[in-house]
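First the structure, then my questions, so here it is.
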Amino acid sequence: MSGAFLEVSGLVKHYGGVAALDGCSLSLRKGEVTGLIGPNGAGKTTLLNALTGLAKPEAGTVSFMGADVTGLPAHRMAALGVVRSFQIVRELSSLTVFENLLLAPPHQIGERLLGAVISRRKWWAQEHVNAAKARTLLERVGLWKLADQSSAALSGGQKKLLEVARALLLEPRLLLLDEPGAGVSPPLREEIIRLVRELKAEGLSFGIVEHDMHLVGEVCDHVHVLAEGRTLVSGSFAEATSDPRVVEAYLGLAA
Amino acid sequence: MSQSPRLTRRQVVAGLGALPFAGAIRPAFAQAAEVPLGMVLPFSGATGPYGPDMKKAAELVLGQVNEAGGILSGRKLKLFIEDSETNPTVGVTATKKLLEVNKVELVGGFWGSPIALAAKPIILAANKVQMVSCSANAVTDGDTKGLVWRFQAKSTSWGPAGAKVMNSIGAKKVVVLAQQNPFVVAMIEPFKAEMAKLGGTVLDVVMYNPDQPSYRAEVEKAFGGDPDGVFCLSLLTDFTSIAKEVYRGGFKSKIVALSIGADAEGKFLQAVGPEVAEGIYHLQPAPPLDTPSYKKFVKEMGAPAGTVFLFAGNAHDQICVTALAMEHAKSSDALVWAKSIPEVCNPPGEEVDDVVKGLELIRAGKKIKFVGAGASCDFDARGDQINRSFLVQVVKGGKNTVVGVIS
Amino acid sequence: MAQLFLNGLVTGLLLALPALALTLVFGILKFANFAVGALLTFGAYAGFVANVQFGWPLPLAAAFAALCVALASIIADALVFERLRERGSITLLVASMGVSLVVENICRFFFGNAARSFDVTLARPIRWQGVRINHEQIVTASVVIVALILVHLLLTASPLGRAMRAVADNPSLAAVRGVERRTVARIAWALTGALLGIAGVLAGLDRAIDPLMGWNYQIPIFAAAILGGLGSPLGAVAGALMIGLAEEMSALILPTNYRQVVSFCVILLLLLFRTNGLFGAKAVRK
Amino acid sequence: MSAYLVTLVILVSVAALVGLALNLQWGLAGLVNFGVSGFVALGAYGVAITAPHIGWLPAMIFSALLCAAISMALALLSIRLEENYLAIVTIGFGEIVRILLLNEGWLTGGALGIADIPRPFAAITPPGGGDGVILAFAIALVALVFVLLELLVRSPFGRVLRAVRDDATVASALGKPVLALRVRAFAVGGAVMGLAGALHAFYLTYIDPSQFTPIITAYAFMAVIAGGRGSNLGLLLGAGSIMALLEATRFLKDLVPSIDGAQLSALRLGMIGIGIVLLLILRPQGLVAEPRRRATEFFPNAKGEG
Amino acid sequence: MIENRETDALRVQGLRAGYGRGGDIVCGIDFAQRAESIIAVIGPNGSGKSSFIKTIAGLLPARAGSISVTGSDVTALSPARRVFAGLAYVPQEANVFRSLTIRENLKLATEFLRGRPGIGREQEERVLSLFPEIAARPRTLAGNLSGGQRQMLAFACALLANPEVLLLDEPSAGLSPKIVSQTMEAITRVRESGVTILLVEQNVSAALKIADEVVVLVAGRLSLRAPAKDVKPHDLASLFFGKAA
């Protein structure tokens, strides 16, 4: 159990000549909630993309549970248990809430071309198992009554919850959340905080990109502050937010 | 915007519903005494230019016959014409519609072998007569039950005729420039063989696909080596472009072309003007140009005297022969009257070129030999027209001038 | 060889105007307009009416054709494309197929299928260093080059061109700068219509006028615009020249009946290496 | 009349197969394919060339597999392209196929085409009763393909394809192999188009390159748009109504007798163009909506709880 | 809160807006702004700040309510006509035409506003003197400018229209702290030239420094309006994240 759960070293990624990541190194620990904060343009979202296979880093390595996973395609990262949510919620709008969840579980026989036609009974059984899990999760995040609604019709906050629930069905080892608190009304935000704590207690690890210092302070065990594509400061929430460099570069005024 | 589209949509749907219904009930209410005939002609697509004149010619005969009291003691002819869109699939549905909805005894027309070939099995299955105006040998191959009749020279007889023209104008080293099209492709080998027999050589065969934006590269390739002559196997639209290109390119080789492209019942001259067309030889199976009936036909078609109609003449003949054969067989049952076709067309018999007069003679119990506006209309046992001679013309001073007849 | 090169240049120049028209509409309205071919045909017939039926000289007839097609394009936009603007590029593409059928058949309805030509006397070629140059080629080349220069000036140096480029770049920002997308779209339609009208007359001069003529140009036009990168005016012209040269020069190594395949092979090869054409901006598939 | 209806039903069947395939590729998986006519032609030529030697059933299987393989190759080649570019590449594919068929006469008969293609069950077909057999065959084929595709659409496979269409990034972040899924959808669609071509060849018993023009592609898109993207049932309705529109306009001349043939044809094709545009403007969602999996299917008594 | 109508540069009543078929994002906002003031709109992500300012600019159609600028109703006008009526808008990030040069960007800013009073050479000189670094490089493509320079160019373009009211959507977004302070300083200069400024900001501290008043938007509704000097950051925490006022 020693050593980092997810280790990032020296990641570099440019977009149109601008360095989004410029030698970024940091680590996430197992069973903890790690916050990633920093000003706009500090490279937080690019880092998440690099961690989940949506962006190929130009230099540097990513290792997960001791294995080098640099540059693996997104679906392989998901299969390894690194699952993410998106900053601007990307629900699959032509699917219902329930279908959004049924989609998520890995290794579905019915998603194979032949399996879908031939092994009907098998995938139907799988589907029932997944449906039960989906129902439990939907009830947990309070969306069960909206199960058969088009996911496009949900409010912003409900979509966030849907996204988290969908990610959970993938049975992740590490859940990376991109601004889970953004656009969420206060009661829902408390709901998310409660959910993250519960899941952490169940053994799930988190990486959370967030601007909302209240949320970060509530749930994060450890915080990395990013600026201009690198790690500026790492430490506990209190340590990080009292660091003068962080106040200068990010917070602007004493938080 | 909120109300009107609804209304429109409903109207569209209602219109759609009503159309086939109207079409379907029409024949049922039609006079039982009418004899329905059908034709599949091209009005759009690559061969679209040839359809309208064929339609006109067929309707001309129809008018004459009906005005003279029809056939089979007073039954009028009724003609249904469908568009093939130069597309065999469409040709098949059109044929089906004619056979099943209009209950026609004859499906005529058929410019273009693929359409005729696609429609053939259906017409044979329905035991009706198919008359075609296309050249591919395959059309009359196989078991045709004596129901398929070709009002046109076979492809294989066009080629040698072309070689003879080349020979007569002194072209020994020649190039073939041909559209990739079934009618034309079958001419190339017989042409080459005949050229060899006549002591000439075919330097190159340049094939091109129809419907190209330009034919510059092909013209360059065919004419660039300055052959004595180029055998241009093209249809109207592409030949118009090719002829302009040749003229502007300043090439000197003599051109022998098909009248389908280089005359097209006068449309070619209209399209390119006299300078470009000057000196182009072209050939086609000869209509009986000198007969009074042909001259009358040209006049009735509203064309200037001397116009050489080929396909329109074929369409004209198809309807004439059908009327005469039905009258001869005293039946409108296709299986019966098809057998009468050689009876009214092949010699011996009194030569007749007017359908109305022919009908009178048949009623009077005389044996006739019909001579059409497209050909002399003699058939062999396969249903192919025989004794087709080719008329060779050259464009001089903006006019087609007859050079001679090759048989 | 030199002859084929020259022929290729002329063919390419003929493609340049419609390819430019296609790319302009794509830049501003973000869809590939399948009706370019039919509108080109329409232009040729409009020119034919003016030249042969009214007896106007060809330059005047070309201007008339440009006007007619510009008008037709604006009408098509108002009746069809405007209403479908929010519905995605493929819906618009399919709609433009419908428009294409309608326009082509309007021409067929009034003029039939027979090939026609303008009332101009053709001349024999000028020979220079063993290369034949004919008058139409000179006329075509000069008209196209002048048109291209004018369009280039319009796009780069006039307020209208700036507005068009602004809308292509960022329509919502353009809107708050006082440039209405709708107005600019209409102007772009008029401009492309005018280009297609002139192209139609030139094509009619080069070959015969028939209802399917534009359809025959369709694929090389698309090939040219894509080769240059959809939405890039400069690229469209370069692409047109390359397609023209490739198609004519390919006669050296390929049988002529495979000429039409050439443009596609060029596109395929190019797209394998540059997914957005020669000059296209990077467009990311979501 | 009845045999004419048979023709129509068979042609609708061909159009429906093509449409079903496109509905899988474009409607469900979001991959635009403008080379439909090329795949149909390959399917038709596949059976026309092989059926006399190996029998109709192996020939059909061969055609379907051939088209599937070529679809996969094309998909791998071009699937990373942006929609408009993919459209052009597929258009080009259709044209290349047509030109190859036209010019490789040693194999395809060139412009003359291939005649006397044996029909399925030719041996047990009573003379003159051919239409009934081919009709039954066509309907059975459409039914089979419809059921299979419907199984696919309603299975998790269909759902994951919809997810890929909606947002490929999210789908890949959820662990779905987007490229592989797209290639599979394209291949299955290609195979069905091949079957459509085979049915076409069997019915006409004669094929030539001029039968496979891009208009087939246009009609297929019309059918999908009319029926509603993603719904197979809607597609059958769409294909039926498009063919009805095409054939109904044929009766136009019986109502308007005074114009000449070319004008009539122009009027007819022009009306089809107007039909396309009207469908797009008036029927944005198509005739039938996509199928959805309801929670109530699993928990029939749970509705409204939670 | 209701002030004298004549002196209100910007006035919004009962404004509702949203995207597509979705619910309202802007849920009934009443708001008025005195001429030549700077008001900062702040609030948590997703509270409708951007939608609010876009609706005023006309990029998002208002479902209900009205907007007026210096007393004249602009609710029914297109975005372009609103510029003519004196309402300029600088969007977040994509705020210049990247494929056009600086000079072309500047020209476009007034080209289609002929007849609006106060535009022309004089205004151009005045504006360019505010942003000397832009005026120096007219032939540079706007896409090649740095984020801060683009921001300046965008301000310059908006000001060339001689607006009464300037709407700024997160001018600090994506900028480093140093550039943010320069930008904020530029905004105060703009106000001094007589323009009313409505500013949406996420960077609360920067906004508080220059704004006269602060408006807090939560879930599409106004939850607080107060003079900037009275607002303390810890108040904001409870306003943003606690119960809506």
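Every chain is named by a letter (A, B, C, D and E) in the order it is written, and numbering of its residues begins at 1.
Rule of thumb we're sticking to: contacts are C-beta pairs under 8 Å (C-beta built on N, C-alpha and C of every residue); 3 or more make two chains touch, one makes a residue touch a chain.
None of the values given here were measured: they were computed from a predicted structure.
Colleague: Which chains, if any, touch subunit C and subunit E both?
Modeller: none
Colleague: Hey, which chain ends up farthest from subunit A, C-alpha centres compared?
Modeller: With centres defined by C-alpha atoms, farthest from subunit A sits B.
Colleague: Would you mind checking which chain's C-alpha centre is most distant from the centre of subunit D?
Modeller: Of all chains, E has its centre farthest from that of subunit D.
Colleague: So the centre of each chain is just the mean of its C-alpha atoms; given that, what is the distance between subunit B and subunit D in Å?
Modeller: One centre to the other, that is 34 Å.
Colleague: So what's the Cα centroid distance for subunit A and subunit D, whole Å?
Modeller: 41
Colleague: Go ahead and note the Å separation of the Cα centroids belonging to subunit A and subunit B.
Modeller: 73
Colleague: Specify, in ascending order, the residues of subunit D that touch 2 or more different other chains.
Modeller: Those would be 99, 102-103, 167, 169, 262, 265-266, 269, 275, 281.
Colleague: Going through subunit B residue by residue, note those that touch at least 2 other chains and give them in order.
Modeller: Residues 43-44, 48, 51-52, 180, 207, 209.
Colleague: Quick one: in the complex, what on subunit D touches subunit C?
Modeller: Counting only subunit D, the residues touching subunit C are 26, 32, 77-78, 80-85, 87-89, 91-93, 95-96, 99, 102-103, 167-169, 218, 221-222, 225, 262-263, 265-267, 269-270, 272-277, 280-281, 284.
Colleague: List the residues on subunit C that touch subunit B in their complex, please.
Modeller: Listed in rising order, the residues are 3-4, 7, 10-11, 14-15, 105, 108, 112-117, 119, 121-125, 127, 132, 134-137, 203, 206-208, 210-213, 215-217, 220, 247-248, 250-251, 255-257, 259-260.
Colleague: Where on subunit A is subunit D touching in the complex?
Modeller: 52-54, 73-75, 78-79, 83-84, 86, 90, 92-96, 98-99, 102-104, 106, 108-113, 115-117, 120, 123, 127-128, 131-132, 135, 138-139, 142, 144-145, 147-148, 166-167, 170
Colleague: Can you name the residues of subunit D that touch subunit B in the complex?
Modeller: 1-5, 7-8, 11, 99, 102-103, 105, 110-113, 115-116, 128, 130-131, 200, 204-208, 210-211, 213, 215, 241, 244-245, 247-255, 260-262, 264-266, 268-269, 275, 278, 281-282
Colleague: So in the complex, the part of subunit E that touches subunit C is made up of which residues?
Modeller: Per the touch definition, subunit E meets subunit C at residues 57-59, 78-80, 82-84, 88-89, 91, 94-100, 104, 107-109, 111-113, 157, 161.
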